[in-house]
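The following blocks contain the structures, represented as structure tokens.
Here come two complexes built around chain A, the first alongside chain B, the second alongside chain C.
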Partner chain A sequence: MPKISVTIDDKKLDVDVGKTILEVCKENGIEILTMCHLKGLTDVGACRLCLVEIEGVNKLLSACTTKIAANMIIRTKTEKIKRYQRITSELFFAERNHVCSVCVANGKCDLQKLGYKTEMNHIRYPYLFPECNVDTSHPWYVLDHNRCIMCTRCVRACGEVEGAHNWNVMNRGYQVRIISDFDTPWGESVTCTSCGKCVHACPTGAIWPKAIVQGQLEKKPEIIGELVEKRKMNL
Partner chain B sequence: MKNNSLPTDVEPAKTDPRIKLITAKIKKENYKPDALIEILHTAQNAYGYLPMNVLKFITKALHLPPSRVYSTVTFYHFFSLKSKGEHTCLVCTGTACYVKGAQLILNEIEKQFSLKPGQVSADNKLGVSVARCIGACGLAPAVVLDEEVHAKVSSEEIVNSINAKIAV
Partner chain C sequence: MSKKKIATVWLGGCSGCHMSLLDIDERILDVAKLADIVKCPIVDGKELPEVDIVLVEGSVTSDEHLREILHIRKQAKALVALGDCAVTSNITGMRNYFDLKEVFDTAYVNAVSNDKEGSVPDHPELLKLRDKVVPLQEVVKVDFVIPGCPPDADTIFYVLFEFLNDRIPNLSEVKKLRYG
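Up next, the complex of A and B:
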């Protein structure tokens, strides 16, 4: 594979063409914060956490959806980026109703981890306190909209990997919600196969199996990527 | 509040001119899932809103995931999932109906009930809306009163029918 040279955080690197900035950073041990990215799924650039600065480009670009190009000079940890990441994580918390102490994901939640990483010691934005449903109609799983960050990992895992297309997004702006079928209760969906892929793909306590108590949630989001890799090998 | 939207699980009647219109559009678009928005436009124009059972009909015909159709419908402000008013009076203002006096009907409705297209009476009994051709041009002027198509109607007839509806 042809190589190109790039500079990331003042380090010169020779990397393969055709990869995203995020892939290159991961391979080289450079940490980038992500939320909507999940290995095995198409990147959509929804969460805006993986923003990087590229010399000569006057706006921040998302590392997960931007392909690396020759001679790029990339910075991943500038003050500006850190400021934006902190704002983004505050907005996640302000947008829905997160009460970590009673959450199944407490201690194992990617959103909680993000809060620590961005040193979010308080939230400067007014909480929206939206009215959110908790859908307990599925025999095994629960979807709690209070804890959803609209990363759409569940939507993509269900559509791209399971092929069931149970999930999608309805409405716009602050009224967006994850839906199954025609905004049908999950348990009445005609497309859901109950495979559980969305449960593992979800980075928060928004989707969880019923047979779990507070703080006991074990998710394995990496199984999505592993499954996709194994399918490629079988071909 | 009573909602006169069609029951969601009843399949729309194949004889309804509006379903024929939608079916023709789907065929013209070659059953392409990409044509979803155009087909939804046709349906919204024919019904004044998108009844659930019509959405299901379109979803099935195009072999689309239900969630994708619902996502599209709720994203665009042009589409609406609810009809307003306990009783609805949809006056077709397509070319044929317009030529045959749709405007006179609308004028009479406005005179009698003080309602313009898009408005609902204060007691929510009656909602008036217009559609751009419901696919019954041969029956012009056509008015749909609570899902019943009234063909070749006069202003007086339709006012009488409305009065009969809202009296109950």
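Up next, the complex of A and C:
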């Protein structure tokens, strides 16, 4: 495969063409914050956490959806990026009702970890306090819109890996919601196979199994990527 | 060096943060060497005197809390928001999704434990709940925040000890940042 040379954080690298900036960074041990990225799923650039600065481009671009090109000079840890990442994590918390102390995912949550990484100690924006439903109609799982950050990992895991496409996205802006089928209760879904992939793909306490209590939530998002890899094998 | 004055205040919270503060155990003696604790929720109801550091637990849920926090801001050199309720409104803020009337009716009129018809208490001596619960930084300038529900005793002691030794604590540097 032809190689191109790029510079990331003042490090010169020779990398394969056709890869995204995020893939290149991961391969070379350069840490980039992500929420909506999950190995095995198509990247959509929803969370805006993986923003990077590219010399000559006057706006920040998401590393997960931008393909690497020859002679790019990329910076991933500037003060501007760190500031934006903190703003983004604060807006996640302000947009819905993330009450960590009563959340089933407390201590095991990617959103909490993101807050620690961006050194978010308080939220500078007014909370929206939207009224959100909790769908408990499925016999095994719960969908809690209060904790959802609209990363759409569940939507993509269901559509791309399971092939059921039970999940979808409704409305826009702050009214945006994940829906099951045509906005009907999850328990009544005719497409859901109850496989549980969305449960593992969800980075927060928005989708979780009923059979657990707070502090015992164990999610394995890496199974999605493993499944995809296994299917590529020619057995 | 003269001794500093510190105080702790309990607004709209569950007192869990104060319990966690008490969990610093014998290290309270180290604090006592450097400071006098001039007010806390178990002393009598005098107004807060001038202090160097005040730890405020809980969010602003009523007119009385608002009056109190405005007074505290005038009296304290450093105001520390202690715990998730003070910093993010946390569980106390969960009533913000509802109308205040709905909240009162749920608690007093339609409560399942009511023997007969209930009514909302309405005595002039009672505090008046505000429409929405807000964290401290929405009404006053906060100098330092310790999130957590409750924050670890170690974290509280670390912050207190740094302030008492005229240093600015940094929670993210010592990996003590925590919510929930």
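Just so it is clear, the second predicted complex is superposed on the first by the 233 of 235 C-alpha atoms of A that agree within 3 Å, B and C clash if a C-alpha of one lies under 4 Å from a C-alpha of the other, contacts with A are read in each partner's own complex, and residues count from 1 in each chain.
The rule we apply is simple: contacts are C-beta pairs under 8 Å (C-beta built on N, C-alpha and C of every residue); 3 or more make two chains touch, one makes a residue touch a chain.
Values in this document were obtained by computation on a predicted structure and should not be read as measured data.
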Touched partner set for A:D181, first chain B, second chain C, both or neither: first
Touching partner for A:H165 - first (chain B), second (chain C), both, neither: first
Touching partner for A:T78 - first (chain B), second (chain C), both, neither: neither
Partner chain(s) touched by A:V102 [first = chain B, second = chain C, both, neither]: second
Touched partner set for A:N121, first chain B, second chain C, both or neither: second
Of chain B and chain C, the chain that contacts the larger number of chain A residues: C
Chain B versus chain C as contact partner of A:S194, first or second or both or neither: neither
Chain B/chain C common contact set on chain A: none
For the chain A and chain B complex, residues of the former touching the latter: 159, 165-172, 179-184, 190-191
Contact footprint of chain C on chain A as seen in their complex: 93, 97, 99-103, 106-107, 112, 115-116, 119-124, 126-127, 129-131
Chain B to chain A touching residues, read off their complex: 52, 55-56, 65-71, 74-75
Chain C to chain A touching residues, read off their complex: 81, 84, 87-91, 93-94, 96-97, 132, 135, 137-138, 142, 145, 147, 149, 171-172, 175, 177-180
